[in-house]
Each structure stands twice: as C-alpha cells, then as structure tokens.
C-alpha cells in the first residue's frame, strides 16, 4: 500500500467533489501505481461515477488534490487532463452517434500514440468489421468496445473505466475482459475501474476500494475480499 | 424596494428634457421627420435644406427668431408621431410644424394641430384626402399621389405602349396609386395586362417578374416606396431580362429617386418616371439651388425630394412670418397667407390651392440617363399645373 | 377476484419498447392493497420505465394497467393522480425556485381542487396552509420551510420529494429510489417515517439498498430481462438462486 | 413549363443565399447553444466589405468574396472573445437581448460610416444579364449563386463529414462533455467553428449584396428569415438548414407566383406547420 | 441564503408556526415601496414640466409588458408575438369607436374580451409546443396577422390607419385633450385596476400553480394539475391584459395603425420586460420607464444615431443586470440590509 508520489500513476488526496454545490464525494484518498488495476465497488448511487468524472475534470471540484505522475491536475480542464494521460470510458459509453466507428477513434487520436488504429482494431476485431458504421447504430457491446478504443486512441497512461460490463451479455463480457487483460499485458497502463458486478471486477484486478455514501469505507487486495464472502456481503451484498 | 423606487423616479425626473427658456419674439418651428432606421435619409435631407435656407435667409424672418425643435418620428409610426406632435405643441409650444412625415403619422397628428391651431406643412406624405379634409391647418409642399400616378397612363398610350402591367407595393398608398393609374389607363384607352401587389416585407421579385413575363405587356408601371422595394423592383426588371426584351419600365419618381438611383445602377437607365422635381430641372433658380446645396452639404448623399419639400415649406414660413412683421404670430392669418400663394420654386412654379391647401404644381415626365457618368432624371416633358385630385 | 389478496394495482401482459429495443415483453405484476412492495433488479432492467408506465408518463405498446380492477391504460397522468396514484422521482423533481412551504401548499391546493382559484390570496387557503405546516413538521422540514428548495441540503430535498407525493393522500404511492443519495442513517429514517406516515397507503418502491428493502418491504419483486423474475416475500427472495444471479452478475 | 422551371430555379437561388447566411447561426446554435442574432450583422458587414473592395478599391468582385469571408470570420472571433464568451450558459433571452443590442449598434455604426442609403455594387459583365440554358432564360447572377451555393454546401458537408476538424466539430455538437473528456479542446473548436460560421455569414452577405441590396438596416430585414430557416431546418444540422432554406426559398417564390395575393404568407404558414409537427426542426435531433 | 429573517429567534413550535402561517399574508401584503410607486405616478402629474404624455404611453407599455410577464415570468412561456394581442385589442377598440360604440370603458372591456378569447384559442393551439418552436410559432402568427391587417386596406385602412375613430369623454365628463391630461388619468386608473387584477392573480393559488408549472411541469403533472387548462387560461388573461393596453392606446390617441401589432412591438415588449426583470410585475413598469425614457431622451439627443445607444443600453443591462434591473437592485438592497 505504500505509495510514492513520484512513481504513482494517479494519486488522489482528500478529494471532495460533486455536481454544482451538492457534494457527493467526501475526502477520498487513494493511489494507483503504474500498471496497477484498481477497482472501485459499492452500491448504486454512492458516488463511484462521480469519482471517475471528478478525476476526468467533469464535475465540480470542492477540495483535495489529484495528481497524474506527480503533476497536479485538479484545476485543469478535462481535455488537458486527457492530454496528460487520463483516458476515460464513460458509464453510458457516450460514443459520438453521428460519427462512424473509425471517426470516433480518429478524431481523438494522437500522433505517436502507443495505440494506433491498427493496434486498436487488433484488440477489437469487431470494431474493424464495423469501422464505417455510425456510433448510433452499434450494439451495446460494440459501443462499449468503441468507448474503450476511443479512450486508448488518446494514448492514456491511466485508464478510467466506468462500469464497462454493465448491461452486456455474458459472452460480450468475456470478450471485453479479455481485451482489458490484453491491454494490461502490453505495457504499464494503470486502470481504475468502477463496477457494479464486483465478482467480475474483483477477479480481474489487483486491489479494490469500497465506497459508500461518498466515502471510502474499505480498501484491500481484491483477492482478499473475493475470498471473504461475509465481508463482501456486508459491504455490498444482498441482505444484511 | 422603497429606495430603489425613489431612486428610479428621481432618475426619470432627471432624464426629462429640460424645459427650454422661451424668448418672447421667437417662433418655435417643430421639425418632425424620420432621422433613424430605414427612412433616415428623409430627415437628413430636411436638415440639409433647412441649413441651406437659413444660411441664405437668416433665422429671423420678420423679426421672429426661428427656433427649431427636431424630433425623430422613426418612420411610419403614428403612435410615436402623435405623441411627439402632442409634446411639441403642448410642452414645447411649437407654433409651426414641418412634418410629421408619412401618411399615418400625418393622419394621427391632424386632430392635434387642428385643436392647437398649428400650421403644419406636409413634407413627406402623399396620400389624397389628408389636406383640407382632415384639418384647415394642414398644407402640403410635397406632392399628392394622383399628380404622379395619373400622367403616365395617357403618356404610355400616346407612345403606343397600350398593354400595361401594374405593379404596386401592397400597402395603402400602393392601393391608392394602383386605382388611380388603372382608371386613368382605361380612360386613355389602354389595356391592363395584369396587376400585382408586392408585400412590403420579404420582397423577392423573381416570381413577380416571371408573372409579368407571362403576361407579355408593352410596359410596366411601378409604384414602390423609396428603399428596398424601389431598388429591388428596378433591378428585378433588368435582371429578369424584361427590360432587355423591350418592355418599357415606368413608374413614379420614387423608383429613380436621386438618393437611391446610384445603388440601382444601370438597371435604372431609360426608365420613364413622373416627378415633381429633378436636380436636372432647367432653370437658373434650380441651378443655383443645386450648386449651393451641394457646396454646403456635399455631393453624397444626393439630394432627393425631402430637401425640396422642406425648402419650399420654409419659403412659405419665412414669407408668412415676414408678412406678420412686428406682430404677434397669428396662425389663422398665417394660413390665410399661405393658401392661394403662388411662387417660383427650384422645381418650377407651384401654387398652394386657395380652397384646399394642397399643392398644385408642374409634373415632369423624365427619362433616367447618364449625364457626365451620373444617373440623372432628365425631364423630357412638362405637364403644367397638375391638380392634387 | 382474488380472495386472499385484494389487488389494487396490476399490469397485464405489458409490452414496451424504445425504438425497437424491447424493454418488457409480457410483464405481469400485482400489488396487494396495503402492501409495502419493493421492486429490485439490476440497472437498466426497466424499473423506472415500469413506474412511468403505471403513472401514465409512458404508454405501453400493448397490455393494460389496472387500478382497483379497472383498466387505466388510456387515462392521462393527471387522471391517474386524481384516481389515487402518486409517485416520486429518482432524480429530484421539485420546484427549485419555490420554498417547501409554497411547494406543499401548491400540492395541497392541487389535491383539493383549489388551484383554479385566481382571485384571493393564497393566505386565505387556511386549511391547506395548516396541513402544509403539519406535513412539513412531520417530515422535519419546518426549519427550511422558507428557504428556496434549490438551497436546501440534499437530504431535505429528498424528503420533500416524498412529502409532496404523500400530501396527495394517494391510495398507491410509487417511490422511485427514495433513498438515492441519502446517507444510510437518513435512508433508514426516511423509511421508518414512511412506515409511520403512510399507514393505510399502499407503497411500491424501487430501492437498491438491500438493507432497506429487506427490512421494510413486505413483498419483493425482482425485475430482470424484461419480466418479473420472482415475486415473493423478502426471505424467499433472498434465498432464491436466480436473484443472486441477476443481482451479482455471473 | 418553362415558367415553372424558371420559378423553381429562382427559388433555389434565393434559398441558397439564405442558406449561406444562416448556416453559421445554425451551427453556433446547435453546438454552443448560443443565440447569436448578430449573425445578421456579420452578413451586413460582409456586404459592406464587397462595397469597399469593389467600388472603392476597384478590385474584381470574385476577389472580394474571400476577403469578406476572412475579414468577417476574424472579426467574429474578436467579438466572440471580447463579448460572447461571457454569456455562454446564460439563458436564451439574455443572449437574444445581448445580440439584438449588438445588431442595433451595428446598424448605427454602418449608417455612420456608409450613410443611410443603399450601396451600389457594379457586377462584372459575365454576372449580369441572362443566359439561355436548357431552353430556359436564367439570370446569370442567380446561376452564379446556385453554383457557388451548391459548391459551398458540398464543401461544408464534405468538410464536416470527411475532415478531422469536421469530425471534431460533429463530436462537439453530439456531446461536448464527452468530447472534452476525450481530449478535444472544445473551447478552441467552438472558437474556430464560430469564426467559420461568422465568415460564412459574411460571405452570404457579400453574395446577397447585389441581389438583396446592402444598407444599414440589412440585419433587421433578414433576421427573421434566418431564425425561421434555422429553426425549421433544425439547429446544428447543415443538411437541415440547406433543406429548409431551399424549401422556403422555393415555396416563397412559387407561392408568390401562383398565389400572388397570399404569397407573402407561405413562409410563415410553413414555419407554423413544421414547428407544430416537428418542434426541433426537419432534421433536428430528438434529444 | 435564506429568505427568512433570521434575527427573530424562533421560540418553540407555535411561534414558528405563526410565522410560517403569516408567510403568505406577508407575500400579499402591500409593501411601502409599492404604495410609493403608485403615489409617485399620481404625483408625477403635478410635477411642473413633467412629460405626462410620454408617461401615459409608458403606463400603457408597462401594462403591456406586465401582461407578458404573466405568461413569461410567471408561467415560463416565451412569446415573440405578443403584439398580436395588443393589436387585436387596439383594433377592437378602434372599430367600436368607428362604428358608433364610442363609450370608452365598455369599449375597453369589449376589446379585452376579444383579445382574451383569441388568447384562449391561441393557448390551446400552441400548448404542446415549447422553447424555440413556440417562439417561431408565435412570431409567425404575429407576422401573418400584421400582414393581413396591413394589406386589408378596405377594412383597416392599412398603413394609413383606421380612420374615423370617435371616443366619447370618459364617464361623459372628461374629454381626451391634446395635453394628454385625461389620457394620463384614464391610463393610470385602468392600468392600476388591471395591475390589481394581475397582482391578485399571481398571489392566488392559481398564481402559485403557474409558478409550479414554470419550475417543474413534470411534477405538476404528478400532482394532478390540469396543465393544459391552466395554459389556456393564463394565455387568455395575458392576452386580455395586452388587449387592454392596446385599447388604451387606441382610445387615448384615437388612432390605430398596423404598427400596433408589428413584430417590432413584440420584440420591444420582450426587451422592456427583460430589462426590468421578470416575475415581479413591477419589473414590467420599471423596464418601460427605463426603456422609453431612454429612447425618448436618446432620440432627442442624437436623432440619427440613437439606435447605437439603445443597443449599448441593452448590452449594459445584460452585462451588469443579468436578471433585469429590478431583481438586481433588490439583491443589492438585501445585501446592504444584511450588512
């Protein structure tokens, strides 16, 4: 758990944020190391998406610090944070409906990105097949892949995934998880993932954070939580 | 709340135009014309004519020092015009009025000038049935619609353009002129090829020129208010090829008014119009007038009818005041002096009708030609002493 | 019809789709009079759509909504409200530029048919004002009664959302995630208040906090994949294998 | 037959002019949700630039068009930086009041520098008079308008569909928040789009100077048509704006041709019908 | 933050209760500022050299803007065609005066009824349209009406205005004089009475439900509110008041022309209302005072270029008085008081 601000891909200190004057997050602290995958779990409406969007710069910042590779970003507009390496996969995918698949990727792509178009299509062959289809015509799974592809095209060092498997069929989920694994295996991409389906989330991550009512209530190794059914049930489960 | 209101009321009081001091012997003359908006040229020309007149004849005819009160009617806006006349008469104690321009404004003002006995010169409204009928204190140095709308009908027939298409703007003066012309045309033995009323908003002429083409007339008679419509109609005649096909283009002088004709360009060439005044009028008085006007006010914008109407109104004002030299201003005596008066104007001889107060004047048939490279309305025929009816 | 259970609200073979994407296919649901009934299910299962169909903000492709045994599918939302169905929204749907007192009086005037009265001051509507005050006090909203709703703390806004619906004295109250955004404690307070304040009112609520669901619901329906998977008592639902599956994922 | 064809053609030409003037307004409205009525003043500015360039400097008409586009485009960005950006996110009525205030100021300014009258623009001979095409006698200038309007529409639509900047603009119109989160500098893209929109307005004014006439009241005369076209077409859609402008142009000219006594109403009647039927315009997004 | 006077310590439930119960009474109670406002309008008549002709017109504009305030400020429905109702009232009064019904007060009521009826129909017609679409529909309706009146010269006199309008002395006693004295009193009294009607309406339960629908239509539906009936009704009332303003103009000037229902007037009244501030009735009058005095003053000062200064005025108002002059001043005053 020890963290070094210089080497951390993402560091969040005492972060408070929300939408307008309403505060949703209260004093969140955590560190994401290079190449690490961290999941945030918790019930619906506890502030998980707010956390992601706050790191992106799309909410109202109330206090605390956010640093990417040691550089403070909390007062920067969203697009600059993205240029510093924060890639974002929004909860509702939010692909651009009037752009084709290829355009969705190419409008945000950077010259010299570690993720050129070919490599992205390699990762998601389905997108290559549908490259000239409009964003609005894709299935949920394809939209999700496109949202991830679009984030990769911005050459991120920290990838924020907001409920990537939500509402997807099991087969598609497997495909996506496979792609995420592959992404991690090919570099030191750090991933912060928010996920409702925590069994999937925990099985595929290094560490986890549990959020409840805007506060960090638990942090541990993913495997520990996955193994402790009682604790899991207490934190996020059905029933008491 | 309380302080806010008090402050705003105080501010409003402070904003009121300061009541001006009145010298006993001075005469207040209200000038109510349009200085802003689409019709601002009229106001500019009125001012230019007044400036010239005063530089020539001083500002105290018959010992009555003239004090001018200028207000902007903003165009045909009777509610504003009526209020301005009311204010001028009751608050500024104006004794003579030039304006308000535009027929609705004049009509709205008529009851007030009647009640307050303020001699009023109509220098920018042409509709019949205003002067004499609405108030004994109204008189006109502009023109009356029939003077310009009637003569071209017999002229066209005389020149063997017997089948005439009539195109007017779709508003009250247009309807007036349309009727007058068509009646005169029938009387002269011509035939109506068709008629069209053009909306005053959104004038896109191509549909209309096509209709005219379909009707195959010998000539087109056009009546349009000065501005977008007068400009657009002539250009449309030319652009659509009607003119090139030999259809004669005629109209009232508005369409080739000097202040707009440059913008019309060559499309105005050879257009036949009726007019009460052209800067080309061949008389010594006019040559002097045009030279001095241009010297004082510059060559641009060019002089239009607003200037000559104001000029002749001032002629009457000055002569009338001179006649009352040393006496207190009497509006009824003034009107009696004005009515029936005949004098030489730069436009030619004019008479204020004794019974009615409206203007009797020469009307000229003009052709638009290039004179020294400038589009001018060259008088080709004179119709003397045309009635206002 | 049903001797064991007096059904106040039901849906029969409800079919609904958005732009060709089916949400429900043959949705059948029954709500017994006097029940506190919870609907749970994963995100995107159509819980809010269900509430909107019942309240008339949406119209089904086919099937019927029945209220007290009669089909109300063709009634306008307002007519359904007058018939006795009230609802709250997942996202606060409040009069942000009014204060809670005004909002409450407004709700009561609408309920009592006083809203067409355009001549004398609101201050003359004594019974509604008194009831509004009592209502606000009961919900603990009297402190901020004269504060613009927009400026109230979120928790109080949430309470007001419920209070406005309850003020209509509905037969059936539909609560769409009433505790969303509230703290655990506030959520429990809200629900215990609701139990107290709504004695005699049938309540159907959507809620994600399972602690709240299993503590306060008398009956639980699980909505997943376009149909009601299970409709049963809390204990039976908790132990149902399908529930763990749809709720926890693969 | 030939009459109908000519009327249709003239309607298309009129529609094209209106399209070029209104497309900038449509894009800024759709993208930035900013009601910029001063777009009509930008058009007037473009018209005066043609007057200056052609009449005073004596340069060819064709040269004046790109000059009008560039100068008005640059000018619009100055206004955007100085004034408009402080009003993003305010309500529509505030923006209407602000920009109508600017329109008033522009009217007086134009009248101060150029006088109240209409301006004269001498067209080159190849753009004057008529020309016979397919048995129709068409006005040369209108042919020019239709051709340049068609080219411009093509350039705009292709530019928006095929270039990276076009893609960025579409992304920003689709979802500015997501675009920002994905690294697009939305502010900058807005500014560039704004400049292009302003430049197009200037170009539209430049092209219409000959046909519609340029005077200080130009903005007020055409403002209503711009608004109608933008709302009927659907804000933020170039195709919709084109369809609306051409439809209204044709309907107006045809209406006046066939029903001269009601012709003026046709545009308004269509507007009401479209707005009742599709409140977001013909190609407007259903949010 | 709160609108509550925090200086008074709430002692127990009963005291709080009394205070809340008095809230609505307080809302509908006459404030000293209001009394002063109307007294100032009465007093203005006696101020030497006061331009009561202009002030009379300002009252009519204020009444007109207030009618729009009910629709826009209280119900949140914008209209770009409000001059239509004004013009209908103006022409109704004009036709009555022309064809022999010359008694002003009944003529005014009749004009209101006609305008109100048209408003009711318009309200039903447009109630499913919102936002920009609504603006365009009202604008188009206004333009069609204007063109029709403008072109029907046989009936309306077109541009020249309706000729031959005769209006009797008010109550058979007070002739409309050229000094505008009768006109001022008549306009002031009618405006005040109609203001009372509007004031009662906005403070009533119906007024509260208008605010509710403005704030959140969805919630109003879920309270069972008859939204459509309310929209038609508020349209009718607003139109009737606008019609009254139009009739006042016709009667006090004994003239009516198509400019009464021009689109420019619709735009001007919107500008006046926004300058003054919406949803407080007085904003309409403050806006009319500022806009028309400024316009008159600037037009006299700079007849040719006053448009520029009016434009600048608008820019200044939106820059420094975001929600209108009256609300900004109110906020300022509250801040000063709080200090």
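Some notes on this structure:
For reference, chains read A, B, C, D and E in written order, and residue numbers begin at 1 within each chain.
Convention: a contact is a pair of C-beta atoms (placed from the backbone, for glycine too) under 8 Å apart; a residue touches a chain by one contact, two chains touch by 3 or more.
Values in this document were obtained by computation on a predicted structure and should not be read as measured data.
Using the contact threshold fixed earlier, the set of chains in contact with both chain A and chain E is C, D. Think of each touching pair as a link: the shortest run of links from chain B to chain C has 2 of them.
The chain with its CA mean position farthest from that of chain D is C. Look at where the CA atoms of chain A average out and do the same for chain D: the two points lie 43 Å apart.
Remark: chain A and chain B have CA centroids separated by 75 Å (rounded to whole angstrom). The distance from the centre of chain A to the centre of chain C, with each centre set as the mean of the Cα atoms, comes to 33 Å. Averaging C-alpha coordinates per chain places the centre of chain D 34 Å away from that of chain E.
Multi-chain contact residues of chain D (touching two or more other chains): 111, 264. Contact between chains, per the stated criterion, is found for A-C, A-D, B-D, B-E, C-E, D-E. Partner chain D is touched in their complex by these residues of chain B: 37-38, 40-41, 44, 170, 196-197, 199, 201-202, 204, 206-208, 210-211, 213-214, 227-228, 231-232, 235, 239-241, 244, 259-260, 262-265, 300-301. Within the complex, the chain A residues that touch chain C are 22, 24, 43-45, 163, 165-167, 170, 173, 196-200, 212-213, 237-240. Remark: chain C residues 55, 57, 77-79, 81-82, 86-87, 89, 93-99, 101-103, 105-107, 109-111, 114-123, 125, 128-130, 133, 136-137, 142, 144-148, 151, 164-165, 168 touch chain E in the complex.
Residue ranges on chain E touching chain D, taken from their complex, read 78, 128-137, 139-141, 143-144, 147, 263, 267, 270-271, 274-275, 304-308, 310-315, 317-319, 322. Put simply, chain A touches chain D in their complex at residues 53, 56-58, 77-79, 82-83, 88, 90, 94, 96-99, 103-104, 106-108, 110, 150-151, 154.
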